[in-house]
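Note that subunit A is present in both complexes that follow, paired respectively with subunit B and with subunit C.
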Partner chain A sequence: MTRRWLIDNQGLFFMAPAMLLFVVFVLYPIFYIFNASMYDWDGINQAVYIGIQNYIEMFTNDRSFGLSIRNSIYWTFLTIFPQMFLGFILAYILTSGIPLQNVFRIIFFMPAIISPVVLGIIWQRIYAPFGGLLADLGRETGALFLIQPYIADPKIAIFSTIFVNVWQWTGFSMLMYVAGLQGLSQEVLSAAEVDGAGTLQRIIHIVLPLLRHVHLTLILLGVIGTLQTFALVFMLTKGGPNHATEMLPTYIFQKAFTLQSMGYASAVAVVLLVIALGASIFQVRVLGSRFTIGN
Partner chain B sequence: MYKKVFFVVVLLLILAAVAPVLAQDEVVVRFRSWSPVINTTNAMIDAFNAENPDITIEPDITNYPEYLVDLQTMAAGGSLPDLIGLEPGALTQQYRDHLMPMQECAVATWGEDWEDQFFPVGIEQARLGNPEGDDNIYGLPVLVQTINMWYTVPVFEEAGVEPPTTYDELKELADMFNSQGVAPVMIGAGDGWIRRDVYMQLIHNVAPGLIYEAEDGMASFTDEPFVEAMTWWQRLFDDGIFQMGALGMTHYPAAVEQIQAGRAAMFPMGAWWMQQAGNPDPPPLDENLSGYAPFKFPDVTGMGAPDDLLGGIDVMLGVTRDSANPEAACKVITDFISGAGAQALINTYNDLPAYIGLRPASFGSENQEAVWDLFTEDWLASVQYARQLKSPDVKQALEDALAAVAAGEMTPAEGMQLVQDANNM
Partner chain C sequence: MRRSVFIGVKSPRHIGKTLAFVFVSILALIWLVPIIMMLVVSLMPPDQRAPRFGGMLIKGVSLQNYVTVFADAEIIQHFVNSMAVTVPSVILVVLISSLAAFALARLKFFARDIWFYLLIMTLMLPIPTLVVPIFQINKALGLNDSYLGLILPYTALGVPFAIVILRSFFAGFLREIEEAAILDGCTPFGIYWRIMMPVSWPAVAVVIIWQFMTSWNEFILALVTMNSVEVKPLTLVPLVYSGQFMMRPGPMFAILTLITLPVIVVYYLMQRFMVSGLTSGAVRG
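Right after this comes the complex of A and B.
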């Protein structure tokens, strides 16, 4: 190793610490999980190599896995876009100069800083058809339609769970849009107004396109959030009834620790990783990468 | 200034060098579990240390899901603590190779006839799932339990009724309580374990002992008795025996809050419900257990309810092979089972002692004492069959099937087919 070589390649030494961390904390766990997915293993005792049997089982004979995928798709579309839509409306109203708008911003943002564990416990009490807030309200006021098995009926449980998530994170979307709206050029908006554009036209043709970086950021964070959803579902429904609200992370936990199938759980984790990679590539290649983060 | 800094650094270096030598005189036993809860564990440790000041116990009590993760991580890293909490069956079997057989410790403490000093259910279930020919006990039972039904005394007194003994009586009571806005049988059926507990009592009524034969492949889960028990389970929902929306509620804490508020007439639970009286600032019904009384699951078949109850081990403790102080760990375990630590534990009414003859130092009410005596002198001695199943996959399949049938997604026969499929794997 000559002095010349060291000078030519000094960049490697600056990269080394980051590369080391990447290898230890990203590449090694991925390899470890992928390797574990090829075994029948309880996480403790001797593992038995079974090749791709876990994957075959998962894709051909595992209803719970299928439901987890279905629910992830529901979750992605039914949380991200409603949150963005509601968040934008709130943000637009709360940047229009109405009285107490800062107070309202705080109130709408508050659910985002509450732990999903706490929310899960609270919303279970709100939803309970016996002794729950909605049910008791329905009985007291005669609005009996409020008495529903919100999270007890497998047909609607996932939507009830998604509603809680939307309720929690709409305030965060609102905050992002507030920041975006405050950064818009007033000259552009005034010019549009002078040109005769109405409020709706200004929103559709000027404001929304100019907020593209906020939309992309919220989609990115929404997809990440969907793939990581665990605490809210675990506390609210435990993935039930009969896996109707199962998400991939809750299913991985159940398989790995409750059912002592670490090998199978690793296989599900690999699928989750592939989905995350695919979603990331799709976002960067198709939607572009002009996110708010990092700017 | 530099002299002061130099002095402090030298002092720290000396302390760092001497500390391990000093620490060698101190025997430390690391204890990790999900049960008993930390306040009770601390009381047990205080009682133990009053007689054994030379042993330091370092407890780490977490909730059960977190405990499972931690245990597996520590086992993979070769850093299991000295003492770990265990459940009989799958959990103990998973860690069997990391656990020391406990017979030697037991004989040294209680003598050759030590097994006779425990309730039989504790000893039998400690071996649950052992490979054939392996009679070792890898964890000693600390607390045992029955599963049964409870009723809320003031609710029953106000209605002027008695606990039901047949399904018809149960249905009659359910209709009455439903019309009064009281949950006839409050269940947090969102939790799989309570679904399974109720089904175990139903199949025990229909065909005692058959489920264990099915687990061993000597019967099929699709046999008629299993389907019949599943049909009874479905009827508990369809007939309004359980409160509306039961599948969307957890037993702890959601259902329990309703029970404590006096909004439930009956509820499935186990002997551990007595611990409500030991909680700080208990609500009126919990105080001295004045508001509750246990009863056996009603006879649904009409052929007569079995005399015995199902039961099992609440928590047992094992010493790991990694333990640096197995003798001290043995001393701690045996004290927690039958010594000062055990007495501190039992004084909280946490559950029933696995060791025969222990009794809380005091009772707050006659009802509480009567309930204790009923459990320890009558019901516990009659326990023949386990509350638990061996295989986690079968357990999960049964819990899934119970949820699916209750939700109307499967017929009872389809549900039991799901369980049989899991047993075939």
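Right after this comes the complex of A and C.
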């Protein structure tokens, strides 16, 4: 390496701290889980090499893993699209110049900045069967359908959990759409108005297609967000009842740190990694999705 | 039909806006219920038994729960722990990502695009996939139960998103100023530090808010890294005291409120940068 080469490549010095952290805390861990997934290992004693046995077990004989995959699919579709739909409506209204629109934006975004640990505990009290907000509201007003075993019934627990997530993140979708709408040129919007296009027509044929990059970003971030859901489920249901709300991250945690199966947990982590990278790379390469809505 | 008889009285546009305002107001009230509930339960008098409506109906207001929490739990210590992890990670992310983003936006160097794609790949990784190896790395380095055991991974995982934000911001600068500076003998570091950084505060503000919130609220890595009560950040506090305050929602919700206040303050102070920061690239095309 000559002096000349170093001068031509001095960008590497600027990059060095970022690269170092990346290698230690991202690249090495990726190799690590691929390797560890081939072992039967409790994290303490000598690991035993077992080839792809963990994967065979996972795909043929593991109900909880199957439930985690099913729940991830529910979660993906039932959070992303409702959040986008409601987020867009809110953004459209809150960029139209109604009074207090900044206050409203802050209110709707607020759940997104609060720790899911905190929200999980609050929502336990909302869902509680005795003395809970919804159940008591049902008893008091006669709206008996409000009295449900929201997080105790394995059939509906996952949907109750997803509902909290939609409530938490709709404000984020709204904010992204607000930013997208503010980026549109006023001429496009007012030209459509002069031409006599009705509001709904204008939204469907002009505004929504122009916000394609925002839709794509929200789907990309939504898929990744779904795949790393942990704290909310951990606090609200602990993945239960009977694994009914298990997600891949809660399952990894349980295997690794409660049941001391580091090898098996690593195998689940590899599957999660492959799904996450596959889905994201597909979106970025094929659909042209971006992580931010800036240029 | 659209704008005939109502002109001069109330245009349909006006009615539409009024309806929209009413709709948004009602929805906003519903939206706030869980957050209001957190505050209300935390103010519940300690002698009130069997709260109904999740605790939304309280008989009087009392700060006793906060007194209890400060007396029975090491809240200040946990707050200091959260700060000791969050503040260094925010500073490191801003410094490291802005250096890298400057290089990626302005300098040519070996394998530049490959490095950029690898860093972008980090954004696609669910953090729980890394929890086992990071736990083992920290164990090997003796960093479990230490602030550094969280500061380093938080920084590593926060840098890529910050790079994406800052790189597109830097890329939008006019090159003429930099070219003039180079002619005057300014080094690349000088351009980064004296020309770009001082005018990049809108993008830096977004990075600061985002990193503050992610570090402050991060849970899974904290859960496996911090085992001793003395070093646990606030995010783990509800678990620590869940047994002690199991039958007493008041003190528990006081804890939840105390955890939440700092992020709301930071967000409120910085929120005007948020929308402009998100679009900073788009606006300048």
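Note that in this section the second predicted complex is superposed on the first by the 267 of 295 C-alpha atoms of A that agree within 3 Å, B and C clash if a C-alpha of one lies under 4 Å from a C-alpha of the other, contacts with A are read in each partner's own complex, and residues count from 1 in each chain.
Everything below uses one rule, namely that a contact is a pair of C-beta atoms (placed from the backbone, for glycine too) under 8 Å apart; a residue touches a chain by one contact, two chains touch by 3 or more.
What you are looking at is a predicted structure, and each value in this text was computed from that prediction instead of being measured.
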Side-by-side fit of subunit B and subunit C on subunit A, or clash: clash
First, second, both or neither for A:L189, with subunit B first and subunit C second: neither
Which superposed partner A:N242 touches (first subunit B, second subunit C, both, neither): first
First (subunit B), second (subunit C), both or neither touched by A:D42: first
Which superposed partner A:L21 touches (first subunit B, second subunit C, both, neither): second
More subunit A residues in contact [subunit B versus subunit C]: C
Touched partner set for A:L287, first subunit B, second subunit C, both or neither: neither
First (subunit B), second (subunit C), both or neither touched by A:P129: first
First (subunit B), second (subunit C), both or neither touched by A:F257: both
Partner chain in contact with A:V118 - subunit B first, subunit C second, else both or neither: second
Subunit B versus subunit C as contact partner of A:P154, first or second or both or neither: first
Among 183-191, 219-227, 255-263 or 273-281 on subunit C, the segment whose C-alpha atoms clash with subunit B after superposition: 219-227
Subunit C-contacting residues of subunit A that also contact subunit B: 43, 121, 125, 128, 131-132, 234, 253, 256-257, 262
Complex contacts: residues of subunit B adjacent to subunit A: 65, 68-69, 72, 75-76, 90, 94-95, 97-98, 181, 183, 186, 190-192, 243-250, 253-254, 257-258, 261, 263, 392-393, 396, 400, 403-404, 406-407, 409
Touch list for subunit A against partner subunit C, complex: 8-12, 14-15, 17-19, 21-22, 24-30, 32-33, 36, 43, 90, 93-94, 96-99, 104, 106-111, 113-119, 121-123, 125-126, 128, 131-133, 136-137, 140, 167, 175-176, 178-180, 182-183, 199, 224, 227-228, 230-231, 234-235, 248-249, 252-253, 256-257, 262, 265-266, 269-270, 272-273, 276-277, 280-281, 284, 291-295
Subunit A-facing residues of subunit C, complex: 16-17, 20-21, 23-25, 27-28, 31-35, 37-38, 41, 50-56, 95-97, 99-100, 102-104, 107-110, 112, 115, 118-137, 152-153, 155-157, 159-161, 163-165, 168-169, 171-172, 188-189, 192, 213, 216-217, 219-220, 223-224, 235-236, 238-239, 249, 252-253, 256, 259-260, 263-264, 267-268, 271, 274-275, 278-285
Contact set on subunit A toward subunit B in their complex: 42-45, 121, 124-125, 127-132, 135, 139, 147-154, 157, 234, 237-238, 240-244, 253-254, 256-260, 262
